[in-house]
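Quick one: the structure is below, and I'll ask about it shortly.
For clarity, chains are labelled A, B, C and D in written order, and residue numbers in each chain start from 1.
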Amino acid sequence: MGKLGIHSFVWTGGQTQEGLEMALEKTAEHGYRTIEFAYLRPEKFDLDRLAKKAQSLDVEIGVTMGLPRDKDVSGNDNDQIAGGKKMLADAVRAVRDIGGNKLGGILYSAHTKYDSLPTQDGWRNSVEAIAETAEIAKASGVDLVLEIVNRFETNLLNTTAQGLKFIEDTGSDHVRLHLDTFHMNIEEANPAAAIRSAGDRLGYFHIGESNRGYLGDGVIDFRPIFDALLDIDYQRDIVFESFSSAVVDESLSKACAIWRDTWTDNDPLAAHAKVFIENAMAEARRRRDTNARP
Amino acid sequence: MGKLGIHSFVWTGGQTQEGLEMALEKTAEHGYRTIEFAYLRPEKFDLDRLAKKAQSLDVEIGVTMGLPRDKDVSGNDNDQIAGGKKMLADAVRAVRDIGGNKLGGILYSAHTKYDSLPTQDGWRNSVEAIAETAEIAKASGVDLVLEIVNRFETNLLNTTAQGLKFIEDTGSDHVRLHLDTFHMNIEEANPAAAIRSAGDRLGYFHIGESNRGYLGDGVIDFRPIFDALLDIDYQRDIVFESFSSAVVDESLSKACAIWRDTWTDNDPLAAHAKVFIENAMAEARRRRDTNARP
Amino acid sequence: MGKLGIHSFVWTGGQTQEGLEMALEKTAEHGYRTIEFAYLRPEKFDLDRLAKKAQSLDVEIGVTMGLPRDKDVSGNDNDQIAGGKKMLADAVRAVRDIGGNKLGGILYSAHTKYDSLPTQDGWRNSVEAIAETAEIAKASGVDLVLEIVNRFETNLLNTTAQGLKFIEDTGSDHVRLHLDTFHMNIEEANPAAAIRSAGDRLGYFHIGESNRGYLGDGVIDFRPIFDALLDIDYQRDIVFESFSSAVVDESLSKACAIWRDTWTDNDPLAAHAKVFIENAMAEARRRRDTNARP
Amino acid sequence: MGKLGIHSFVWTGGQTQEGLEMALEKTAEHGYRTIEFAYLRPEKFDLDRLAKKAQSLDVEIGVTMGLPRDKDVSGNDNDQIAGGKKMLADAVRAVRDIGGNKLGGILYSAHTKYDSLPTQDGWRNSVEAIAETAEIAKASGVDLVLEIVNRFETNLLNTTAQGLKFIEDTGSDHVRLHLDTFHMNIEEANPAAAIRSAGDRLGYFHIGESNRGYLGDGVIDFRPIFDALLDIDYQRDIVFESFSSAVVDESLSKACAIWRDTWTDNDPLAAHAKVFIENAMAEARRRRDTNARP
């Protein structure tokens, strides 16, 4: 696999420069080699300072975001679509400027609980917006990955099959999928098979438990997940994600409906997740090798 | 176990008297002995006629509902709370009048994606409203069951442990839990253990797949679920629930975020679910008996 | 998939002509389209009569066997090896004469609990014996499949990887694997991955529970098993196998260590297994199709 | 839980005093606090020296064994039964003399692949022998635990239910069960439920993978196993067991049919198992606590 990372919201709600820098330090301290930030508004943070800190700590930066409702590129309002495209283009550049390697998340729609079915027009508008953003991302040397999330966080792309069709419709070779075990546990008929169907189109991977708490503190059977990542020879980043009401970000906590403290102390959480993921991957490798040895 | 039932939204969006009567007929035709209706407004439907039809078909009726936002008893607005209490009391009487045996669902809060954390005051207000409703339900001979649902459909009761504490706080012996495998798959660290912890406080049970489609077309391991239902000697109703964009109810489809057609033909779905549940229960009994036989 | 079948020892210990004919009738009556017999000595049974009965019932016959210790082709005793080869050749002809389509089982060693490690010489002798038998089988229009069994029933081929290497060493294109979920549950690090690695080399498949009783009355997770059979587009026969002390064959019951009555009544067992397998396969198809549908 | 231990055959075939002492050192070095030895013949080893070494390393000793065929107390031959009783009595004393805390294993029959069904007389003879041995063990301050093993290693006690009935028949309060995940994976319809049914009668517990190799390199779902150990508040020892052809004991390797090298290097195996078990137990505790927290 590629680098093992952790979402910054394990460490901080992300409201202050100090918080973000602490998150970078904690990430490095725990031996993770990449961090995921939510979209960082350039006017609010000293991105250059963050970039240097990340580099000095040898921690790579990825950025994820979801569009706000008034910049939804999967709608039919031209102004909103234009606003969404601009936001995506700005985000790509911010990722580039911070020295990040990817932009991911719910880039193709609002990150919200919708209250109507998606439309064909909305799909087309979204495909076009992502195709344009992909051009910019490609030119900027930034990977573009679309997060497939559960029905309560978008109405457009809830499954890998939908994501693959969407990418095909963009005609771009620069768009990949961003899969997440928490969401797959709700939406996919067979998460491992979904990973295998994504194959080389898988560009980013989130490991999260069914209740978004500690790994192992839920119902997900991670064995076939890791087996499938090996089956497709996945070499890109794997990032641990967990949310608790113990660390609150105004918008993300609401969008993700984080009402419970599944944990209060993030240091043991992060330490546990690293061992859990590394062991699970080593055990998957062993199963593969044992199965192959006559 | 008690009666095996099916949710009426497998059959109809529930907008017409004809639709509801057809649902009763389909339910009986497939051998289910109880049906779940969403709250039926007395002014819109001929409840008496429905009651007689149900009786003639030997199909029992259960009713579930979620409060609307403007009648949320878990909030702080006295008018809204009063409105919610009245709606609950009306619903209890409607269940009684239709000859139903239970009122369930999200009775303790709005059925909605919240955007703020629950409050202690809201909890107390909700406890009080449910305690009052329980008195009315008891007097009316109607069971009262509280559905524990995922974080995107309420912010108050997402886990069995929360539900048990809530019931304890009501001080009532007439309130029980309504658990659902779809929701447990998202929220419970250990669904089978949650069922065992509910024990005799479990009053109603929904069987639904992780993606709300066909049973077996998702990730839920139903074996420990049925084992646990036997462990607690569960004797009340078990109802199959599945939603598809193929059958749409204006409000429930939105609240439950049903954007995909996980099925289009409801007859084979209902036939499959009955065999699936009966086989799963028989296999659980066999495991129990085999484990006990020296 | 190909035909769904059942092992004759569900019906009879196989000591009499009447027992075998009853087994054929029961098999057909339950809707299975192939039966598995243990090696039938031509001098003891009226094979021609069996063949005609099978044909009239539209039930295909497969035959499995294990070599006795004194005819072990994986040993170093030339007389024993010659005896084993002759027995295999005779068995191929008997399958042909009874109108059967395959010879399977533990053809490459004795069917016994060994008490020493396999040797390289023994492997070579066994490979040669199977290569020779494969020529005869090919000429006779009989499929040859090698059953991979657990460590207590042979010391030579306990895993799919060993079986694939063995087949490669024979240089034959007429030898395939015979996998069995009971044995895989003991030996394979990842049964589903083993099935995928066998791919087109899988020639026959046994469905049996971990304790050899009712399907579902044990620990095997059959979902990934059926998913894998679909992944490799398996089109050959699938046969249900279950042993109980309620039906005893002198040699097989001992070799398989059947001390318990996991069931006493074979009719409901056979009826259950058919529904179980057909439902499991249908659910696997549905998972595949749901995963593929954007 | 009680102490975490490891079987000595991870370290040594057990043929020399040096091997046994090395095993003690390795056990302590890896942080295990108890070791399991196979029955140590007093005439062959310096038990006193071993006892002192164990004490100085703070490693407790447990001993397991299986009866040889010619000392089978579950048969009908009075001389053999007498020989078996004497062997058991000697073993109890040897455990006491070496400062050990328990005698376990297949004490109630031969450790062998039987070729006939158990008999009622044999059961009675075995019950009587174990009842007598229990008296001696009680007087000697040595726990007596009966290992429930798969059908290929005994014909008498293959399931927990059989074991509980056997213990009941002894009338002794000093006999407990010794369960093992490898064997349960073959024999129990529901291993977790079996553990719960054993309850306080569980005296010793083996953690082993389905293929007896690395934990995680097989099919066992350990989550419900550890959940069940917590359910019964199991406080006695848990011992990791793994066999490979890389370490050979003349008799045990044959009885257990160890033909493959599932590993070659025992240090990483032992280190991995310790982390695996401790993490699995911590995760089970977390599931329990999360499930209980409102």
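Operating definition for what follows: contacts are C-beta pairs under 8 Å (C-beta built on N, C-alpha and C of every residue); 3 or more make two chains touch, one makes a residue touch a chain.
The shown structure was predicted, so the numbers you read here are calculated from the model rather than taken from an experiment.
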- Task: Write the angle of the rotation needed to overlay subunit B on subunit C, where the fit uses Cα atoms and the result is rounded to the nearest 5°.
- Result: 180
- Centre-of-Cα separation between subunit C and subunit A, whole angstrom: 47
- Note on the structure: In whole angstrom, the CA-centroid distance of subunit A from subunit B equals 33
- What are the residues of subunit C that contact at least two other chains? 159, 188-190, 211, 213, 217, 221, 286-287, 290
- Message: Edges wherever two chains touch, nodes for the chains themselves; is that graph a line, a ring, a star, complete, or other here?
- Response: complete
- Query: Okay, in this complex, where on subunit D does subunit C touch?
  - Reply: 113-118, 150-152, 155, 158-159, 185-191, 210-211, 213, 217-221, 245, 254, 257-260
- Going by the contact rule at the top, pick out the subunit D residues touching subunit A in the complex. 211, 213-214, 216-217, 221, 223, 262, 272, 275-276, 279, 282-283, 286-287, 290
- Interface residues, subunit C side, partner subunit A - complex: 159-162, 164-166, 188-190, 192-194, 197, 224, 227, 231, 286-288, 290-294
